[in-house]
Structures are given as C-alpha cells and as structure tokens.
Amino acid sequence: MSAADTQLAAGDPPKHYLNNGLTIRSWLLSVDHKRIAILYLISLTIFFLLGGAAAALFRMDLVTPEADVLQSETYNKLFTMHGIVMIFFFLVPSIPAVMGNFLVPVMIGAKDVAFPRLNLLSWYVFMTGGLIALGAIIMGGVDTGWTFYTPYSSMYANSHVILAVAGAFIAGFSSIMTGLNFIVTIQKMRAPGLTWFRLPLFIWAMYATSLVVILGTPVVAITLVMIFVERFFGFGIFDPALGGDPVLFQHLFWFYSHPAVYIMILPSMGVVSEIISCFSRRRLYGYTFVAFSSLAIAVIGFFVWGHHMFVSSQSVYAGLVFSFLTFFVAIPTAIKMLNWVMTMYKGSVSFETPMLYAYGFLGLFVIGGLTGLFLSTMATDIHLHDTYFVVAHFHYVMVGGGVMGFLGALHFWWPKIIGKLYPEGWAKFAAIVIFIGFNLTFMPQFQMGYHGMPRRYHTYAEEFQVFHVMSTAGATVLGAGYLIMAAYLFWSLFKGKKASANPWDARGLEWETASPPPTENFLETPKVTQDAYAYDMPSVTCPPGAKSEAERV
Amino acid sequence: MNSVYSLLPEQASTVAGQVDAIYLFLVAISVFFTLLLAGLVLVFGIKYRRREGAPAPERPHEDSSLELIGGGILLVLVLVLFGWGAKVFFHSTRPPADAMEILVTGKQWMWKLQHPQGKREINTLHIPAGRPIQLTMTSEDVIHSFFIPAFRVKQDVLPGRYTRLWFEATKPGKYRLFCTEYCGTEHSMMGGWVNVLTPADYERWLVDSGGAAVASETPVQAGERLFTQLGCQTCHNPGSGQLGPHLAGVYGHTVKLADGTEVVADDEYLRESILNSQAKIVAGFQPVMPVFKGIVNEDQLLQLIAYIKSLSGGASN
Amino acid sequence: MSSHSNAHVAHHFENAEQQRQSAQLGMWIFLVTEVMFFGGLFAAYTIYRSLYPEAWVVGSHLLSIKLGGFNTAVLLASSLTMAMAVHAAQTDKQKASANWIILTMLLGFVFLGVKVVEYAGKIDHHLVPGPHFFVDPMAELAKLEAAGIQVGQHLRHAFEGANPNHIQLFYSLYFAMTGMHAVHMIIGAGIMLWLLVNTRKGVYSSQYFNPVEVSGLYWHFVDIVWIFLFPMLYLIGRH
Amino acid sequence: MSDHHVIPVRVYLTIISILMVLTVVTVWVAFLDFGFLNTVIAVGIACIKALLVVMYFMHLKYSARVLWLYAGAGAVFFVIMMALMLSDYRSREWFPAPAAWEVTTTAPATSAPH
C-alpha cells in the first residue's frame, strides 16, 4: 500500500485505519469509510460551533425586549444562519454521515460501503455546499429563515438567497449519496449469516433514514431550483402576480422538510436502542417491533407534511386529512419508547456516560413527542403555530432527540473510533450539565408560546422578558456543557487511556474487531451465528492484543 | 389580565375556552406520560441496577401483547384528540352568516384595517364585544399572519388571495395583535392592539374620533365611487347597453360561464374578474371588459368587492 | 491487498456478482431520487394545470408537435441503440458496443439540437417568462384560424378565457421541465463519451460491463421522462 | 455470473416498434375529443410506454425483486405526493361561500343605482 506501512517495524504499534497513512493527502483522498467519517466529524463540529455561535448571539440579544445588541436585519440573518447551518449542515448529516459512515460497514461485517469513491465525493459535495452557504453568510447573510418561504425569498428579500439556496441544494446531494450508499451496503454487503433479523437496530434505523433521504431530498432540491429559477431568471413559478401559489411552495418544501425531522431522529432512535440494550445487558425488548416501527415512521412521515400548514390557507379538508394521518406517527414512536423502557425491566442497568445520554434522550424526546400532539390537534395548532411553543417543541425533538442521540453515539463508540477512553467523571458531569441547560433553555418557551410569543421576533412584548432571560441563562449552561465535552474529548485524543476492543463488553460485530479497527475492518470476513444483542451469551471478542498480533502479518 | 405565569393566557373570545379545554387535556396527558416514563425509568434503573456477580439477565420474551395493548390505548387517545381538535377547528374557521366584516390589508410592516362604516385604522383594531367579526384579509407583498393570542385565532394573509378569520370577543379590553409569519426586517414590529369595546363604546368611537372626510366614507361608498369613476356602471347597469352582466344579486350565487362551467361568485371570483376580466366570461356576454390589473390597488379592490356584495343585500345567502 | 481471481472486482466486494448487484441497485435507487426530483416539477405542473386549464391549452398550442414528436422518436431510437450497446457489451462484441454508444450519443445531440431550435423560436416569440414575456391569446387564435385549423367550441373558449399571466406560468414550467431534462441529456452525453473511451480501451467484457449497464439505465430513465413530458406539454387540449 | 439474462435483439426490435406506434397513436388521439378522458388516455399511453422501457430496455422484468421494490417505491411515493397535494387544491372550493357583506345601517348600499 503506502510508504507508511513499510515504515512500521515489528515493534511499532498495531496498524489501524488512523495510522495507515499519515499525510494530509492520505486523509483527503481516502476512500476508507472510517476516515471519511472522521472528515465529517471534524467538519460537522465546525458547523455546530458556527450554528451555536449564531444562537448564542441572538439569545444574548433577546435578554431585553428592545433591540439592544443587534439590528433587526442582523437578528434575522442570525436566526436564518442558525437554522440553515444546524439543519442542513449539522443535524441531517450528523449521525448518518459520522456514525453511520463509520459503523454501518463494521456492524454488518463489510470491508467498506458499496461505493467508497461516491462516499468520498459526498464529503466534498457537502463541503462545497457548506462553503457556498458560508459564503452567503460572509458576504452579508441571508434573512429568509431556513424555510425560504416564497414570495419573500423569491421576490422581496435583499440578501444572498441564491447562494444559500445553492448551498442547501448541493448539500442535499451529499445526503442522497450517503443514503444511497447505505441502502446498497446494507442490502448487498452483509456478512455471511447476518440475516435481516440479526441486524443491529442501528442498521435498521439507518436503512429507514436512508429511505427518507432518497425519497424526500430530491423534492426539496427541485423546490430550491424553482426558487433559484424565480430569483435568477425572473421566471415566476410561485409569483402571486402571475397566479402562482406561494402555498404550493410550502407543500413542496414540507414534503421533504417534515420527513427531514425523521432523518434527524430515526438514527438517534437506533443509537438509543444499542445503548440501552448494552447497559441493561439485555436483548432489546420487542426487537421486531422496534425494527419495523423505524420503517413505519419513515413511510408515514411522508403523509403528514400538511400539519405545518393548518393556518396557511390550505383547504380545511386537506388539513383534516393531514391532522388525522399525523396522529399515526405517534403510535410507532410510542411503541419504541415502551420497548426501551421494558428493556431495562429485569435487566442489569449501569450508568456509564452513553447510558446517561440515552436517559436524557428518553426524558427529552418524550416531551418533544407529547408536545407534538398539541401541534397535530388542529384547534390548538391554530393558536400555537409559529409561536415559541413550536420552537420549544422542535428543539426538544431535534436537540433532545437528535443531538442527545448523537452525543450518546459519540461517547458509546468513541473508544472504537479513536481507540482512547475519555475521562468518565467529566463526561458524566457534562452530560448532566447539558441536560439541565437544555431544559432551562427550552422549557420556558412552551409557556411563552402558549401565551402568544411569536417566533422569529427580534423585539417582543415586555411581559415575556422573564422567560427569555431564563432561556438565555439556560443556553449559557447548555453551551458550557458542550464546551466541557469538546475539551475532554479533545484531551482524550492525546492523553486518553488506550481502549480495549470491547470496553463496554457489548455485542455486535463492531466490538469484535480491534479499537481502532484496521483499514478493511476485519482481518477475515466474520461469520455471524447468533442474534443481535446476545447479552446472555459470552462475548466472542478475541482478547485484546491477539488481533493486533495477527495484524502485523 | 392573566399574568404570563398562569397556565392559561387571557380568554377573550368565544373559542378561547374551547381551545383551552383541549390544551388542558393535552397538558394533563403530557404530564401523566412524562411522569410515568420518568418513574419507570428511575424505578427500573434503581431496582435492576448492576450488581456484582448477578447472573446475566434473561432474554425478553418475544411477545407482542404489551405493544398491541399500548398501541391500542394510544390509538383511541389520538382519535379522541383528532375528533375533538377537528370539531373546534371547524367551528373556529367557519364564520357565522351575521358577522360584521372588517377589511384587512397586510403590508411590510403594518396592518391596514377598514371598518364597514368606513373608518380606517393602522395596527390597532377597535371592535365591539359580543358580536361576531369576520376579517377579510389580503396582503400587498409577502405572506403575513394575523394572530390574536387572547382570541386563540390565527390565519395567514396571502398576496393575491383572500383569507378569512372570524372571532367573537367576549369582554372589553386591550389585547395584543401579532404578525406570526416571518415577513422581513421589521417583522417583530408588525403588530399592535385589538381594543375590544362595549357595543355602545364602539358606536361612540366610530363617530367621535372620525377624522377626515375620506375616512367617513364606508367601503361600500368608496366602492360605489370607484365603480362610477372607473366607468363600470356604463356596462354593468341595467339602464345602459348591458354589455356586462347585471351585478345585483350576483354575490354568493352560481354564475354560468361561456364555456359551460359554473362558478360561485365569491370574493376570489370577483377579484379575478376585475383584475383580469377575460379569465371567466359569463355566458351570453362578449369578452370586452378592460383589464384593471395595475389600475386598482388591493384596498380599492376590497372596496369594489364590498360594493358588489352590497348589491346582493345582507341576507342573500 | 488480497488477490482476487477477477481483476475487475473492487477490493471491498466479495465477488463479481455482489459488485454487479450493488451497481444495479445503486443506479435504481438513484433513479428513484430522479423520479422524486422530476416529481416536484410534475406536481407543480399538475396543480397549476388543474387551476388554469385554459392557459395550459393555449400554452401547449404554441408548441410544435412536429418538433416534439420528432424528438420523441429520436429519444426512443436512442433508447434502442443504448439497449443494443449493453447487449453488445454483454455478448463480448465490444466494437459493436462502441458503435452503438456513438449512435446513442449522436441521437442525444440531435435531440438537443432540436431543443435549441425550439428554444430559439420561443425567444423570438417572446415566450420566455420574465419582463419580455408577451402573448395575446386572441391573436394566436386568429393565427390558428388563418392557418385553416378548425377551432372547436372548447378551444375557442380556452383561448378567450386564458390569462396571459397563467400562460407565463405554463412557460416557466415548460422551461424548467425541459431545461432540467436537457441538463440530464447533456450529462448523459458526457457519460456516453466516458463509456466510449473505456470501451475502446477494452475495459469491458462479458465478465464486466456494469458501467455500460447502469449508464444504460440512466439513459433509459431520461427517455422515460420525455415520454411523459411530450404528451403533457405538447398534446393538451389539441381537440 | 451465470444468471445474466441476455435479451434477444428481436425483443428489442418488437418493443421499439410498439413504442413508435404508441407515439403516433398518442398524437392522433390528442386531436379527437374525448372530454376529460383525453388526459387519461395521454397519461395512460405514456405509462404503458414507460413500463415497456422499464421492463425490457431496463431489464427490470429479469431483475431481482429488490429492484422491483425500489422501482415501485419511486412511483408510489410520487403518487402519494401528488394525491395529498391535490387533496388541498381540489377541496379548497368545498368550503361554503362566506357570508355576504353585511349592509350596515350607515351604508347607503340599498339605494345604489342599477
């Protein structure tokens, strides 16, 4: 292979994907899914910091009812940036592109994803989209909100809508490439003996997520093209003056953007299934239900987008249909909750950091899910639509669900990915700080919302100030939690204790190879002989060290 | 006024109580399930915590009864919610026939309001309590949304279309009015107050602070004036050549078109027929009417439509 | 790297069959995304057509069935030549395969050439949406009658009732849909060029022709899009 | 590699002939008046043509079932999108016409000239 491995003499550390080639080129041109996952991890961290910084700025501004810190225009650009960056450049790719890329091939015993070069291309496409979107921000920003509603975005906004739209459009193709890769990989490259019902639930979740990605993303892509055409060429597609219907834009937009919520949450559900099973030392309760509920959520998720449009002047009868269908998403979701809780029943529960995040996920996601009922019930949604209640609800789902899942995954598989252990005490502390900070930030927003505080407001009625102050205080705590986490994870890269192949004594193929795994994951293709989560059986992991001896051959 | 610390905000319309009832039911459900989950998770976490030397837990039985029972209960619950929510929703979106109509035009970043008696306001809406009010709304530019939290009502306001919102205020007072669809730089400044007055106060207010002469002209009168100024009456008047259909009694009724189809002459139809007269030709007439697009603005359109509506009388449907 | 008996099998696949199935599935999934991509446009088309049927009738009357029909035949023929290229590659007739690929590419260019002629005509007639867009349905009706075409009752009403603004919407969608299709054709032609180079180099054989096969799938899909575009844009309300 | 199905050239020629004939038919039919059925026929013929291309030129007929699944999924989800969107547009008119303009005591509407 490269010069790097000839340099490894007999006494050197074992060869794995991290030290197989040390040049920048060997990273930027790597088609190894694990290295691409690391590239994604680094880029997503940067985007998360940017999106978080935007939120920090406008949360600071919202401490007082009058516009004290920022101009209205700046405020609008900041919340738009927060939305675009966090959704298109952090949440949508978060678990799939980082954890999925790293784990899908390893968990199914494959050497790589089905199309490794496409995988690398997806990262470049993602970065291109990201840089174009950043370009829009640097050149002066975008002020349409991440939803790009017409005719504001297409005719009235005087900001860099075209660039932002182009960035989101391009990033969409990167998720399509990842989704396509996962489906083919899971469908065609499973190790011998790894039947569908022996797959870890994370794989089921990734499969369902990929379905949503490939069916939904193209629709938002063409919708963004229509905005582009309207702004750039002056073709009126949604222009009311020509008889065009701005509500049609909303239909097309939400056809993707509602299912996009499931792109963010389904992977987290997969992660939580893995973690709860591992730290309860018990096979997940109702494996089949959890597996199929992922698919059910993915499919039903496409029938419900109209609940974003109850007050948009959509036909009330269509609203009725959408409201009805929306309630059916609640059922598979609730069944998953039941299964997770029942897994702990008669288990052997311990509370390492990943489990704390799983607990956090359960607590926050149940609130996110239940407040979803308020918004699918038509009468209450009329009042709550576009208020802070909605803001709080989707943060509970996307941060309480999506991000908590991502952080749980990061802590659960960190020893596998990096080969080092993070300091457990600090990690537990940060997890608790994040949980408290999050609730303090968003719980007051439910109350504000029901009392009528509209979202995307730069200045606001003075009676809401106390809640905004609480929210900002909470955001500070939340931010501190994230920073502590970033610090100890960074520290562990260099100073962390070396991790064994299976530090949690977990089950699953990824724990049967070395930490970090060798370049093609397994020295020989594993054969699977038992169900997932066989915690009642002894682990089949070779003792640490045995593999690394073999690797030198 | 209820403080922001109380569970419910001020209830000041007839639907507010109905919406709040659902809200309280939902809050109860949410608290119950959140506590149930938290309780189970904590109890299981403590009771079944890891103990040294304990045997590995058994595999769970693959038995779907728990999922089916849970799913069934939930199904019933969500169907109740759906039905209840839809019922209140339909009530809150269907204006009663005797509602007083107020014309609303949204533009970046203000609300322009006009009362049936002609009085105009900006960003502050005076209405009488105890009387159903219907807002007929349109936008001059982007999408806005008309939101009065104390009334629990909200409706997007679209360019090129009319949307409707109705409510009946129950008690006099001053309530906040917001725009809740992001509409650009000063979105957060696009709001004001709804002043609910007693019917007597409202009558007094209409007369008392009535300012300039134009303001005393009702939308119907303004529409009538425009009707004459624009020369509409030369064709749409039974006395003259009858080049255009007679408009009395048209509103709210079915009109037969030249291509054999039928439409109901509602606001949208009248709007289209004024702006682009060629679109839907009434059976038996020639497409000779000029196009008024660019000649009349949104306010004038509302007035013209108000006038045509008035020709049909209040009780025509 | 481990050695495989078949040099064409990439390192991460177990065998050629797994690789072939993966390539096929991958392309089909990509085509699903394409269906949804064009689906957004088709949805916009259908909804506006249901709102403004007259404008759609007039809009389609201003398009040339001759050019559109000719292009349909050209694309169908190119699908045949593409299928033949795959067939030839599959049966180890690489020289024939190269020729079929060239023919496919040429037919693609014929299609694009005709499209350019059509677009130029639309520009001449001010039918490109935007500030210069202009259409007078009554004048167009007069032209139809002058050309000796029998104008039925329905058609006359459509022309009388059509709003020029709505016709502009039709043309916005016409250009968006055919433009997106043309972009796919251009990409397809690029793929053909790449296949041609590799075929000439002797990369493909009956043992390994995945790229020819999956590129064929893509080409056929682009053909299918046109199969729908032609009647929907050119043939509405001709009676 | 054994299960490669090589479709005989004869099949391709048959299919292309049918496709060409259908193209002519769809143009011819468009000039006859069937009312709303014109659209149904045009889309129906297009569907048949597309199906022929998918089945024979794209070999779906001889392919694994998972490819059928995905080909079907594309069609099904497109139809779902269309159906739910149209449910909005087709039912907007159902809502009862709004109450007529109320003639207030101060408005001289009833005396309007006509």
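For reference, chains read A, B, C and D in written order, and residue numbers begin at 1 within each chain.
One rule holds for everything that comes next: a contact is a pair of C-beta atoms (placed from the backbone, for glycine too) under 8 Å apart; a residue touches a chain by one contact, two chains touch by 3 or more.
A quick note: this is a predicted structure, and the numbers were derived from the prediction, not measured.
> Mind listing the chains that sit against chain A and also against chain C?
A chain counts here if it touches both chain A and chain C, which gives B, D.
> Across the interfaces B-C and C-D, which one involves more C-beta pairs in contact?
C-D
> Please identify the chain with the largest separation between its CA centroid and the CA centroid of chain C.
When every chain centre is compared against chain C, the largest gap points to B.
> Find the most central chain, measuring centrality by the gap between its CA centroid and the centroid of all protein CA atoms shown.
A
> Could you please state the distance in Å, as a whole number, between where the Cα atoms of chain B are centred and where those of chain C are centred?
Going by mean C-alpha positions, chain B sits 44 Å from chain C.
> What whole-Å value do you get for the distance between chain A and chain D if each is reduced to the mean of its CA atoms?
Chain A and chain D have C-alpha centres separated by 35 Å.
> When the centre of a chain is set as the mean of its C-alpha atoms, what distance in Å lies between chain C and chain D?
Averaging C-alpha atoms per chain gives centres 17 Å apart.
> Give the residues of chain D touching no fewer than two other chains, as numbers and ranges.
66, 73, 77, 81, 85, 89-90
> Pull out every residue in chain C that's touching 2 or more other chains.
Those would be 21, 25, 29, 32, 35-36, 39, 43, 47, 51, 154, 163, 165.
> List, in ascending order, every residue of chain B touching at least 2 other chains.
Chain B, residues with two or more chain partners: not present.
> Write out the stretch or stretches of chain C touching chain D in their complex.
Chain C residues touching chain D: 16-17, 20-21, 24-25, 28-29, 31-32, 35-36, 39, 42-43, 46-47, 50-51, 65, 69, 72-73, 76-77, 79-80, 82-84, 87, 90-91, 152, 154, 206-207, 216-217, 220-221, 223-224, 227-228, 230-232, 235-239.
> For the complex, give me every residue of chain B touching chain A.
3-4, 8-9, 15, 18-19, 22-23, 26, 29-30, 33-34, 37-38, 40-41, 44-45, 48-51, 54, 56-60, 62, 64, 66-67, 70-71, 74-75, 78-79, 81-82, 84-90, 92-93, 108, 141-143, 145, 147, 149-150, 152-156, 158-161, 163, 176, 178-189
> Quick check on the complex: what are the chain D residues that touch chain C?
Answer in residue numbers: 1, 4, 6-7, 9, 12-13, 15-16, 19-20, 23, 26-27, 30-34, 38-39, 42-43, 45-46, 49-50, 53-54, 56-58, 63-64, 66-67, 70-71, 73-75, 77-78, 81-82, 85-86, 89-90.
> Which of the residues in chain D end up touching chain A in this complex?
66, 73, 77, 80-81, 84-85, 87-92, 94-95
> Which stretch or stretches of chain A touch chain D in the complex?
187, 211, 215, 219, 247-248, 251, 255, 302-303, 305-306, 314-318, 321-322
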